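Common to both upcoming complexes is chain A, partnered first by chain B, then by chain C.
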Partner chain A sequence: MLSALLAIPFLGALGLMLWPGELSLEKVRRAALALLLLQLAWSLRLLLLFDPSCGGMQLQESIPWIESLGLEYRLGVDGLSLPLVLVNAGLTLVSAYASTTVTQRPRLYFALLLVISGAVNGAFLSLNLLLFFLFYELELIPLWLLISVWGGARRAYAATKFLIFTAVSGGLILAAFLGLALVTGEADFSLTPVLSGQLGMGTQLVLLGALLVGFGIKIPLVPFHTWLPDAHTEASTPVSVLLAGVLLKLGTYGLLRFCLGLFPEAWAVAAPWLAIWAAVSVLYGSLAAIAQRDMKRMVAYSSVGHMGYVLLAAAAATPVSLLGAEFQMVSHGLISALLFLLVGEVYATTGTRDLDVLRGLLNPERGLPLTGSLMIVGVMASAGLPGMAGFISEFLVFRGSLAAFPVATLASMVGSGLTAVYFLLLVNRVFFGRLAVTPPEPGGPLDIRLPAVPLVRHLPAMVLTLLVVAIGLAPSGLGYLSEQATTAMSQFPALLAAISGKPA
Partner chain B sequence: MVAELPLPNLPLSMQLVWLIPLYGFSGVLLSLPWSTGWIKRNGPRPAAYLNLLVTLVAFLHGSLVLRQVWLVGPQHLAIPWFHAADLNLSIGFDLSLTNLAALELVTGLSLLGQVFALGYLDKEWSLARFYALVGFFEGAMSGVVLSSSLFMSYFLLEMLTLSTYLLVGFWYAQPLVVTAARDAFLTKRVGDVLLLMGVVALSAWSGQTEFTELYAWAASAPLTPLAGTLLGLGLIAGPMGKCAQFPMHLWLDEAMEGPNPASILRNSVVVTCGAIVLLKLMPLLLISPVATDVLLAVGAISAVGGALVAIAQVDLKRAFSYSTTSYLGLVFIAIALQQPGIALLLLFAHGLAKALLFMSVGSIIATTNCQDLTELGGLGRRMPATTGAFLMAAAGVTGLLPLGCFWCFGLLVQAFSAEHRSFAVVVLLTNLLTLFNLTRVYRQVFLGDAQPKTRRAPEVSWLMALPMVSLTVLVGLMPWIMARIDPVPGIASFSPGVAALVMGSGLIGVVSAAVVPLNKAWSRSLFKPLRTLQDLLAFDFYTDRIYRATIVAFVAALSRLTNGFDAAVVNVLVDRVGSLSMAAAGTLRLSVSGRMQTYVLTALVAIVLLLASLNWFIA
Partner chain C sequence: MAPLNPGRSRTRQAPIPTAAELEQRLLAGETLLAESPTHLLEVVGVLESYGEVLDAYSINLVYQAEKQFLNPLPIFKFLDGDPSLARIWKHLNHDRINFEYAEYCQKAMFWHGTGGLDAYLDTDAFRQSCAAIIRCKTRRDPLLGLLHPLFPDFLIELIRSAATTHALGQFWRVMSDLFLDLARAERDGRVGSIAQLVNFLMDGLVAAAAQPITYGVEVAGQRFWVLPPEAALTFLVDVAVPYVEAVFLRGMPFLGTVSFNAQAQQISPDQSRFAYGALYADPLPTMGAGIPPSLLMQDMYRHLPEPLHHWYRQQGRGEGDVRVKICASFQKAMFCVTNAAINGTFPHPLTSTDLTQQQANRAYAAAWVGRLSHARTDCLSDESAAEDGSRS
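Right, the complex of A and B next:
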């Protein structure tokens, strides 16, 4: 059942590469879309088979692989990973749908997209640390290629930066996993929490620190974030959608599953510092976003800010805050994908993303009214306006974290206010005012007429908008899906304390 | 208290009360085909008609429920919305007479305003978008006044912020509109974020979001004084922003750049919604004496300051928007001094009269295409209905003739006369200054010789005249209506001395404004001290400049600093490390021999070393 979610994209990618004869872009794209639709349908089927009232891993599959190394092919799904698997399926489909302008090597491009999607599925589903690491690394190379081959002007710099950062991240994670096996002497790499009876707190904290930095790079958290704005600016729109919507979630997923899941006791010790780190990350990202002049960089920095909420929620580790973290991961995935799609639309039509130049794109006949309207919804959702997914996520995060870390939570809420500042500036500059797409100059064109964007190109953005609003108005579904899993996670420290027989 | 819906013994209209906010929101969807341009035949009017229809349905449904509440008493309905661990969020409706009266005020004025808009925005190409936004506006407001939970009130107040932003930014191509929309959103958002902090804190500490349960929790108040004070300040910040109170008043004045029919609603019912939320929060504020003091200070500054600034305005709409700030200041004082009944009466009387005032202003602007007071004049005989509406609104909103606000002011002065003399003076001063302002505007607009822009000024079309005249009649009937819904013991329960004081203050205002020289050519005085004072008031005590020099500059500097740090320190460090590793790789490349044996040897040595270290580590 779960293996199909790996088989569809991987075999599909292989098939695309090996298919004999010439394939036009449109044919390859259709084939990829069909495969991704199948993957989405399969993920939805998973949703039907999944029993949300049970907190543990479900639909487990296990095949021994290299037992001497402790590597086991072991998959399972719970309320934490299932929504992310769905987001992955949906956003890869969106990303492939939006890839209409790939002129070079379309086969390789779509094959790489499929490999990324499969690797991400694998990472979300694997129950073995080494297996997770394999998939985590597997997603890295295709993305590096996607940026360095199909990217913008400074793509070499951005791609190298991305590669170095993420390789360090992978190295740290592997080191932590191996170190854990070494010091506990149990080389089965399973997802069993470490008890303080087994391992001194100092060693636990060192291993947790390595994991935290490793995932902190991926999320990304300040000060490990600088690869993200560059990668986003140089990546093409579909790749940005995938990067922001899906790949960053690997970091936060790792934070919850491995940092909190493997070292609950050390986590509780480190939590106050993590909350401060989260608040710094939120404020730093938001303030840096205000100063950006490139729309894509602004959205990228907003990701830095918004992923900080997940760390805050994880630090608090209450049932409500962890549910909020899950909500935030899903809603940030949808909202940032929506924003990148729309920014990409603006860039494709006007040829610029410069906030100092673009004006008045809401113009009804000659501008981009639909893009603008969707953009307003998107930025409002990102700023946490009620009725949309961002609000309920932030509310849950803040509500769950306030009692534990009041100062850090209030500081993060200020960050949420700052989101409104920069995104309002974006909408006000780019979409309000008199239509202009070039710096004003004497003798320049007075009347601009932008080519109308066909409705089909807006289809993914509209679907995402509807989803964002739907989650915002009726969050119970997602809540029901994840509540058992997140509640179970929040009880780890207490349970462990009970087992080891001393107060937490 | 919570859940058990549907209550089988309740009449259907009450069980379906949750539909009332949805009527407004449905207007958004109904307008979509026209606002997006899918239907282009015959213009966007059908969207307007559909919105009018749903608003009418909302009004009628509201009146049915009002009648039922009258018969069977107040009710509470709750629909569970979201539940997780110890968090329970529900959509709650509190069906009390006050809430339903407020609902009728909201939907009724929305209906009249929408009919008025049909005339005012006659030639507007994006009429459908306007109606969609007004529908959204109305839906959010209906929800706020009926809401029985703090969470839901916050939820809807934020939607109100969003729709205000979009309505103010309706004519988004104009530069002033862009800044006005931005300021409206950001000012309110500051208040909202502070309110959210309060909501989250209350929800986390008490585990509740329903008002009644919060009251019970607050009565035992297991809070430190500091936490209580911060909580109180957070809670009042939201209503302060919504009611355009000092120091968050800037947006209402700038919001006058939006279409006038939206201004009608904004100055009457939107601010009322903010005040009603504050009223519902009042029992919680008892934990924090500081918050009450702040409310009083803010109310007094807004009341007198707003009235003063209004006098110095030359823009017709702005002259009255500041007066809204001023009146809501009085409401804040009344709420802070535990006079909820009078506060509600004042909100009601002010809401209707101010809406009428803005309708007459809208008529003038629609006819003359001018809102500069120095360019208007002599409209009195040319536009009789508008003049009548203006006079009736002026009488209704002040304490000179025994219409709505007269009785409210009397009650307020009477209530404050024992212990809070200074606030009684604030009420009288506001009355005086407001009448001064109204009289000088009346002289400039309706009296005197016709100006170039007012020479041909026919009365407005029936679409605007009908709602205006209906509202004129309603404002005229205010004392009678107030006597019927009266939540306090008799609207006339104040002494003749107080009545004389109120009338006297009003009379001084009228007479002084009637004799003060008004020179159209020299709207700024030639006398230097007077001119300085005039400028100070005309530019609203330079509040926007102060903001720009302080908070805006601070955030901008901080963001530049962060960005600079990001580029100059974090990024450079990263690049350094990156280039180091690239250089190292480059050097290593030179040491690669290409001989298979060396590779195998290296790998073997590495494995041996690794295993040895493993052994040592485990041992």
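Right, the complex of A and C next:
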């Protein structure tokens, strides 16, 4: 069952590459869309088979692989990973749908998209640390290629920076996993929490620190974030959708599954510092976003800020805050994908993303009224306005974290307010006022001859908008799906304390 | 003095002729709008649709002034006396002419208040007529009977407004017929260039110049003059010129398009220096919420002649930005009408060899050019047709 979520994209990618004869862009794209639709359908089937009332791993599959290394092909799904698997399936489909201008090597491009999607599925479903690491690393090279081959003018710089940062991230995570096996003497690489009886707190903190930095790079958290704005700026729109919507979630997923899951006691010790780190990340990301002049960089910095909420929620580790973290991962995935799609549409139509250049794109006759309208909904959702997904996740995160870390939570709330500031600046500059795109030569006439965007190109953005509103209006479905898993995770520190006979 | 709208010049799409060039063109008898087959298609076509729309506006304004006179709740004023369910449904469903634009023009004329008509509205003769009308009306209307002693200027002001409404209705009657005649003349081959078009309009204006403007109402079976024949108000001087002043030149800042900051002196405290009229308007923001010209463009869109509609479909976004293209063409047409009005009101013939007469003509042209030189004259050049959309 779960293996099919790996087989569909991986075998599909292989099939695309090995298919005899010439394949046009449209044919390759349609084939990729068919495979991704199948993957989405399979993920939805998984949703039907999943029992939300059970907090543990379900639908497990296990095949011994290299037993001497402790590498076991072991998959399972719970309320934490299932929503992310669904988001992965949906956003890769959106990404492939939006890839209409890939003129160079379309086969390789779509095969790489499929490999990334399969690897992300593998990472979310892995119940073995080494297997997770393999999948975590597997998405790195395809993404590097997608940026460096199909990216913008400074793609080489951005792709190399991304590669170096993420390679360091992978190295730290591997070192932590190997270190854990080495010091505990248990080389099965299973997801069993470490007790203080097995390992001293100092060692636990060191290993947790390595994991935190590793996943902190991927999320990214300040000060390990500098690769993200560059990668987004140079990546094409579909790759940005995938990067923001899905790949960053590997970091936050790792934070919850491995940092909190493996080292709950050390986590409880480090939590106050992690909450401060989260608040700094939120405020820095928001303030940096205000200073941006490039729409894409602004959205990228907003991701830095919004991912900080997940760290705050994880630090508090209450049932409500962890549910909020899950909501935030899903809603940020959808909202950031939506925003990157729309920014991409603006760029494709006007040739610029510069906030000092664009004006009045909401003009109903010659502007991009639908793009602008969807953007306004997207930024409202991102700013956490009630009725949309962002509100539910931020409310749960803040509600769940306030009692544990009031100062850090209040600081993060300020960050949430700043989201409204920078996104209103964006909307005000780009979409309101008289339609005008400043010409390259200063003082020349303003360009108002923008081509219309066909409705069909807006289809993914409209679907994402509907999802964002649907989750905002009816959050109970996602809550029901994840509540058992997140509540179980929040019990780790208390349970372990009870087992070891110490207060949590 | 600093320009009232510093950012406006950046929205122009083609080179702007200098004041000297414009003056030279007027004095040489050349047209302001460049000669081109496209311009002819645009101006004739848009004026034909405008003629159809003005016909409806005119009928409604005259109806309002005569049949809805001093009606405190004129909820059926746009139905032209046909309050049938079908008509009300069409009205509510917006399958109708936007008479609100006609009211906007009437308000602009009334507010700016220039020319002989406005002067007459402040005379004793007019006040006496009003007093007679109000006496008769308040005897039978208890609401107005109560209101009038409380606000003694209110009903007089309403009658002034009704007088402007009727006068504008009469003015547009002439203009509607003239524009529809122009379309027929173009189809018959009598008008084949912008110069002939401007001459046709000038002849029409000159022919109607002395047409009397009168307005009478019936209250309780009694007939009263509001604008009597003795006032000697005429079409050109007392209504057409104030209309051009109020609607083509001065206008009013459109809410919702630009933030006009009065404290930053972005709006002139001198009403006569206003430059928000049709000749200064940016054609782009049409169809924004609350912007009156967008209503006119929508009305004209419903009456576009097929050749022009076909041409619009080939340009830019086709039907997608058709109202912007109509507005751009309309602005060209209004420059032609202004051109015809200037040509028809030169103090002396342009062919005169008398130096004094030439000087008077030059002074007259200079006065016009002083106002037109910062209007949207970028639409006059031959390139402007392409800029409006064909290069998209």
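We adopt the following convention: the second predicted complex is superposed on the first by the 496 of 504 C-alpha atoms of A that agree within 3 Å, B and C clash if a C-alpha of one lies under 4 Å from a C-alpha of the other, contacts with A are read in each partner's own complex, and residues count from 1 in each chain.
Simple rule for what comes next: a residue touches a chain if its C-beta (ideal position, glycine included) is under 8 Å from a C-beta of that chain, and two chains touch if they have at least 3 such contacts.
As the structure is a prediction and not an experimental result, all values here were calculated from the model.
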item: Contacts of A:449 with chain B and chain C, given as first, second, both or neither; value: second
item: Chain B or chain C, by number of chain A residues touched; value: B
item: First, second, both or neither for A:363, with chain B first and chain C second; value: both
item: Which of chain B and chain C A:131 touches, first, second, both or neither; value: neither
item: First, second, both or neither for A:325, with chain B first and chain C second; value: neither
item: Touched partner set for A:123, first chain B, second chain C, both or neither; value: neither
item: Chain B versus chain C as contact partner of A:386, first or second or both or neither; value: first
item: Which of chain B and chain C A:239 touches, first, second, both or neither; value: neither
item: First (chain B), second (chain C), both or neither touched by A:432; value: first
item: Touching partner for A:398 - first (chain B), second (chain C), both, neither; value: first
item: Footprint overlap on chain A, comparing chain B with chain C; value: 363-364, 433-435
item: Residue ranges of chain B touching chain A (in the complex, touch as defined); value: 36-37, 81-87, 125-126, 154-156, 158-159, 161-162, 166, 169, 172-173, 175, 177-178, 181-182, 185-186, 189-190, 193, 196-197, 200-201, 203-205, 555-556, 558-563, 566, 570-571, 574, 578, 581-582, 614, 617-618
item: Interfacial residue positions of chain C with respect to chain A in the complex; value: 7, 10-14, 257-258, 282, 284-288, 316-317, 320-324, 387, 389, 391-392
item: Touch list for chain A against partner chain B, complex; value: 160-161, 164-165, 182-183, 185, 222-223, 225-227, 284, 287-292, 318-320, 323, 360, 362-364, 370, 376, 380, 383, 385-387, 391-392, 395-396, 398-400, 402-403, 406, 409-410, 413-414, 416-418, 420-421, 424-425, 428, 431-435, 475-476, 479, 483, 487
item: Of all residues in chain A, those that touch chain C in their complex; value: 363-366, 433-436, 443, 445-446, 448-452
